[in-house]
Amino acid sequence: MAEMLEVSGLTKRFGGLVAVNNVSFSVREKEILSVIGPNGAGKSTLFKLISSFLKPTTGEVRLKGERISGLAPHIAARRGVVRTFQETTIFKNMSVRDNVIIAHHLRSKASLFGFFLGTGAAKVDEAAFGQSADEILALLGLSSLANETARNLPHGHLRALGIAIGLATSPSILLLDEPFAGMNHDETMRMVEMVRRLRERGLTILLVEHDMPAVMKISDRLVVLNFGQKIAEGTPSEIQADEKVIEAYLGSEDEAIGL
Amino acid sequence: MEQVIANGLYLGAQYALIALGLTLIFALMNVLNFAHGQMYVLGGFITYTVYGQLGLPFVVALLASGVTLAVIGALMEKFLFRTVIRRSHREESTMLLAAATAFFFDAVILLLFGEKQRGVPKIVKGVFNDAGIIMPYDRLVVGALAIVFIAAFVLYMQYSRVGRAMRALAQDRVAAQLMGVRVDRYSMIGFAMGAMLAGVVGGLLVTITGVNSGIGGPISIKAFLMVMIGGAGVVGGAIAGGFILGMMESVGLTVLREYGDVTYLVIFAALMVFLSVRPNGLMGKPWG
Amino acid sequence: MNQILNFANVELYYDHVYALKGVSLEVNEGETVALIGANGAGKSSILRAITGLRKIRSGEIHYGGKRIDGAAPDEIVKMGIAMVPEGRRVFPYMTVRDNLLMGAFTRTSKSEIAASMEMVLGRFPRLKERFSQAAGTMSGGEQQMLVIGRALMAKPKLLLLDEPSLGVAPKLVQDIARSIVAINRDEKVSVLLVEQNSRMALRISQRAYALTTGSVALSGNSAELLTDDRVKRLYLGGEI
Amino acid sequence: AVGISYAQAENKELKIGFVGVTSGPAAAWGTSNVRSMQTRAAWINETGGVKIGNDTYNVDIVTFDDQKDPKRAIAGMEKMAQEGVHYVVGPNVDDGAAAVRPVAEANGIIYFPYAFPKALYQKPASNAVLGMIANYQSGPAIYKYLKENKGVKKIAFVAANESDPLSQRDGGVEAAKALGLEIVAQNDTYQNDTRDFTPVLTPIVALKPDLLVLSGVAPANAPLLIRAARELGYEGLISTETAQDAKVLEEGAGEYANGFISVGGASTPEIASDTMKEFVTRYTKMFGEYNDESNTKVYALEYILDTLKANPAAINDVAEFKKTMDTFSAPNPFLKGDAKLGYVGTTSFGQKRQLSVPMVVNEYKDGAFQTLFVGSVD
Amino acid sequence: MTLSRNIKIAAVVVFLAIVFIAVPAVISASGRFDLYYTLTSVALLSIASAGVWLTFYIGRINIGQGAYALMGGYVSAILVMNHGWSFWLTLPVAGLFCAAASVLIGLPILRLRGVYFAMVTLVLTEVARLLALALPITNGAKGIVSIPLPGALSVFGITLIPDFATLQNSRLAFYLLAVTLMVACFAVMYRLVNSRIGKLCQSLQQNEELASSIGVNIAYLRVIAYAVSSFFGGVSGAIFAAISQSIYPSSFTVTDSVNFMLNCFLGGLGYVFGPMLGTLVLYFGWDLLFQTGQFQLLIYSGLMIVLMLVLPNGLLSLAEMTRKKG
């Protein structure tokens, strides 16, 4: 499998705090790679660095050999690196469907001026986006909510909508920050299925998640961060057995509380 | 130069006090109170009436200014802002309301107190003149009072139960509600306090700069500037902003006078550049 | 056993969205009750209705024998109900200390507040270490402890928790779960726990309700529900 | 409007307009205009109206607050045209006076601005008549007097950073130069929202001028500037070329204002006639408080009515008015003795486009003005 | 919101008929010629307000439109007076100049949000005034006066617009000019908002971070919107300079900037035609209250407060409210 994304020596400082410290790893094409680690370990920061929302202090990110770190976020998105947000980040006052339609922005062929004039290309885009949005909403089980104003959705559906928005950009790498948070088991498993299907369609997926059963089930490989540093990398079973990871993150099973 | 610095500090103290009330209301309600300057003017006229016209002691006048404005502020919150905030889709909508109340105050003040500049007898006579610094005693008194008020306010916000509740409210309304804070009541108290600060500082300064019905708008804008410099909704920011603006004016007017009418151009340009670099002012965060 | 909370036939709307369609449930004194269910089932809405954040359309809510629906949130809090809302909601620019003191906002006795503070800091030593730190700069798990501690500062008789495990690392979820058990046991606080982590919720509760789209689908003894087939299928995911 | 009219049914109505500023920081300027007009009109109406030609008219004052906005001023002038008004007092500031010019000229309106730019009064402009003495007229006289009588050698200017005061400052600087005075400060300005003038004046006072000129100072700011200068230890003279109000000076600066020199209409007891005194009484009764600026501002209405009396054809035709202006002369009711009303301005504007308001240079002393000297303009 | 196409077209036709035919007819029948200027002002101010509305639409509170109106006025005045340009040529140039200036100014300041952007633009208005006072080319405090009326505009020898100075009724000419531009301006705005660009602008308003994550070039879009907005400001300022035949540093001030903003609020931030209605009501309201003399401001502001309490989302939300009830 080819290397899709390469993270090398990535470091990010906030004042005195080193949120991400010299992290290197690579992601292969069509891989599902999860980044796990305690709260505040630097996972979201790492995602922001990869998607160019933050500029690294040192180090770089390469997409298919091309450097993408330090670009503007919308350029990174154009190259195919798109992230969803840890917080439920959506266009609150638009309908669910409009949220997804607007997210097709990158796919449109018409120019701004073309939109303004309402050229043929723009009309074709419009129709295509509407259709694609409906498909995506169906995929995520949001069809019945298509016309609801996004701000009224319950937490779990908001997360799904966040993913729908990410999908609509038709990225080549999708970075999902805690996509399963706030979903119950059943829903989580449906999402897991869906993410897998996305991968089968050719998407490469990077995932941050605290839901261990889901992570272990879905991931090809894992990278573990602690205090900004990579402390482990490997397959789910390797990681689950890793003493350092258990110590820092997983904790040992406690039957009394079901974990 | 000593004189210039002394002027700057004195100006800063009064500016900081003006900015405090504005920032308090902003922090609590996300309302940019365009009527702040008008409240200041009203405070000035009340002190003018009570102290200058009726001849009652200055302290009584100051108290009257503070209390009246507090009541007005409370009423404004309860009957105007609360309703509009609840019912409007975009929170900026309160700006129209705030501007309308500013016009309304302007009209009322003009009708009640006329168009003339008003002044009151000095509270302390004499001028301090030593070590290259000239400062009338009444300015020293007012400056000191301003600092006392600022300190009292900061301590109150930091350590009292009410102050803590207001800070909490500013940061997360729902969470504050879940702590048992009556958000309506405390918003009202906060608005009243902000208005009261405007009234008190108006009353204080009437002894030095007098008061007239037309200056409300310009004062509001000046107060906005200070708040922006320091960072909106932050007590420390308002204080810092006030002192910085005071010092910039004082120093600028001396250093740049050779170049003609450019002092404020420079100050404003500097502010624009500064905000471009620090988009949230000096300490921009919701509340400190 | 004394009923502390009785939630009877409650209906609740948002604009035109029907969130609760006649939900009934109760919490007994000293109990931990879990509330599980899918996204949008109305779990958070139940908690909002109890604390008065949302007015209900019909039905009745009694607490300690007194009817409380219609009362303002601050009054309800004063009666001894504390809630940890969805998504933590610390006061980010206030110190840990001030956050905790806010929890005791409705109380007046300085010495009792100090005693509660002792208790909370004893239970969550991490908070003691971070006593003067701004809450917003703490890690997610620490914040979660803080909001639980903050709720305890009110010395509540009934504690409502909305997804305390959300976004928290597994190890911390364990810590939080243990804390809930301990609080319930040691402080004699009744707990109503909303959780997506159903397995954990059923383990640490005595009774549970499962909600689907605005009404109660299942309820019963937690231990029994843990082995119930439907629950297993819907909320626990078979054998994981 | 407050204008109490004792209208007699048979009298016709003569509408005289006002377009100027009666709200905001400069409200004092326009308010003194409006109130002096309203007082005078009420007085005239009460005593049977004004006889112009064969008809007797009641004077009706139509006022418009332009809020110091030139765009509003245009609207005001349009409104006047609509109401059939041909004589309008105001606007009070440069930009407004310039902006209403097209409307006034297109609609046959003569207007009386209180703004000094010469272009308003020089050909080809012909519908504007300056309502008071301009600073470039009074300034030289004042500086000359002070140079000769008070030994002033060094002069400093300070002005608000706005069109009117800045233009006036430039005029003053020119006049002072012509007199051979040493100008020690001419670039110092302040924002119109300044309330504390100590920082503005600190560097100027340090230069120790003999005379500090407050160019185009608003009545609200004058006492503050005076007080700040004095408190900083300034010992020289202070003057301005605009009208001020004694009460405002007294409240705002107290005894610090003693010796402050300004220009007034006929305010001082030495020269005020009984008519002026009665005017003040009536004004005070009507509005509660007198404003000394009105001594200057009462003239415009008087001039309009007297000129119409002199040529009744002008009542609807400003061309007639203009014709009359060149030769017009009438007794000045507000001054003791046999002073005359007449149009002036030939030297400054090349045509008679200014009211001959007496140039009374005042000195403030303990709550009242005293005549320093009386000058005139041609 | 979904008016059928025919109703829409009918509404537009009716509106055009009112503006271009009925209003002049009524005015000449009633002899209320002062209304021309009032309506001209409304049209011009609503163009400037439309610009402000557009910046609201991308989530920025703009209290700086006065600066661009002033700038536009000066550009036109200077080109006419010092360089002998035709007014008709200066009109687009003034707009483009303002647009270009706004790109330079906007690049740094559009990063600001909320009250910070509001304040910086407020300061910008003041900076424009101070610059006009300080720069040599603007003739400083003395302003530029005696600007000639717009001359004739002819293309290939055909006179499209006659010389205003020769017209008997230049008020009507200015009125027609102003409303023509207003119609054009709002047509552009309507199209902008109802095309995909409108959705993009809304996405900026609601969440810039998310917008950029889906590939929207937020900096570019912001600047474009701001430039369009400033273009409108410049054009309206230039026409005002031509009407008053003069321009001063104080021709457009902070008060104007604030008023532009208030027009938008009053009409309704959610409606393209909000600024037009808002300007009409605010400007006309003030004018109507002319009769109340010294109580004018009191009543005016009092009514504004009441309106705000009743319709906090703007006048046009009334339509929505009645529809919901109906």
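General observations
When the chains are written out, they are named A, B, C, D and E in that same order, and each has its own residue count from 1.
Here, a contact is a pair of C-beta atoms (placed from the backbone, for glycine too) under 8 Å apart; a residue touches a chain by one contact, two chains touch by 3 or more.
Predicted model only: the values in this text are computed from it and were never measured.
The set of chains in contact with chain C as well as chain D comprises B. Under the touch definition stated at the top, chain C and chain E share these contacting partners: A, B. By number of C-beta pairs in contact, B-D leads over the other of B-C and B-D. In this assembly, D is the chain whose CA centroid lies farthest from the centroid of chain A. Rounded to whole angstrom, the centroid-to-centroid distance between chain D and chain E, based on C-alpha atoms, equals 35 Å. Between chain A and chain C the centroid-to-centroid distance comes to 30 Å (mean Cα coordinates, whole Å). Between chain A and chain D, the centres computed from C-alpha atoms are 72 Å apart. Distance from the chain A centre to the chain E centre is 43 Å, each centre being the mean of its Cα atoms.
Listed for chain B are residues 89, 106-107, 110, 217, 221, 260-261, 264, each touching two or more other chains.
Counting partner chains per residue, chain E has residues 130, 133, 255, 294, 297 touching two or more of them. In chain D, the residues that touch at least two other chains are 22-23, 161, 166.
Here, these are the chain pairs in contact: A-C, A-E, B-C, B-D, B-E, D-E. Against chain D, the residues of chain E that register as touching in their complex are 32-34, 36-38, 41, 130, 133, 140-143, 145-146, 149, 170, 240, 243-246, 248-251, 253, 255-256, 287, 290, 293-294, 296-297.
Listing the residues of chain B that touch chain D in their complex gives 3-4, 7-8, 10-11, 14, 52, 106-107, 110, 114-122, 127, 129, 134, 136, 139, 205, 208-210, 212-215, 217-219, 221-222, 249-250, 253-254, 257-261, 263-264. Listing the residues of chain D that touch chain E in their complex gives 1-2, 22-23, 63-65, 67-71, 74-75, 78-79, 81-82, 93-95, 98-103, 106, 117, 119, 161-164, 166-167, 170.
On chain C, the positions that touch chain B within their shared complex are 51, 53, 72-74, 77-78, 82-83, 85, 89-94, 98, 101-103, 105-106, 150, 154. Interface of chain B with chain E (complex): residues 26, 32, 80, 83-84, 87-90, 92-93, 95-97, 99-104, 106-108, 110-111, 217, 221, 224-225, 227-228, 232, 260-262, 264-265, 268-269, 271-273, 275-276, 279-281, 284.
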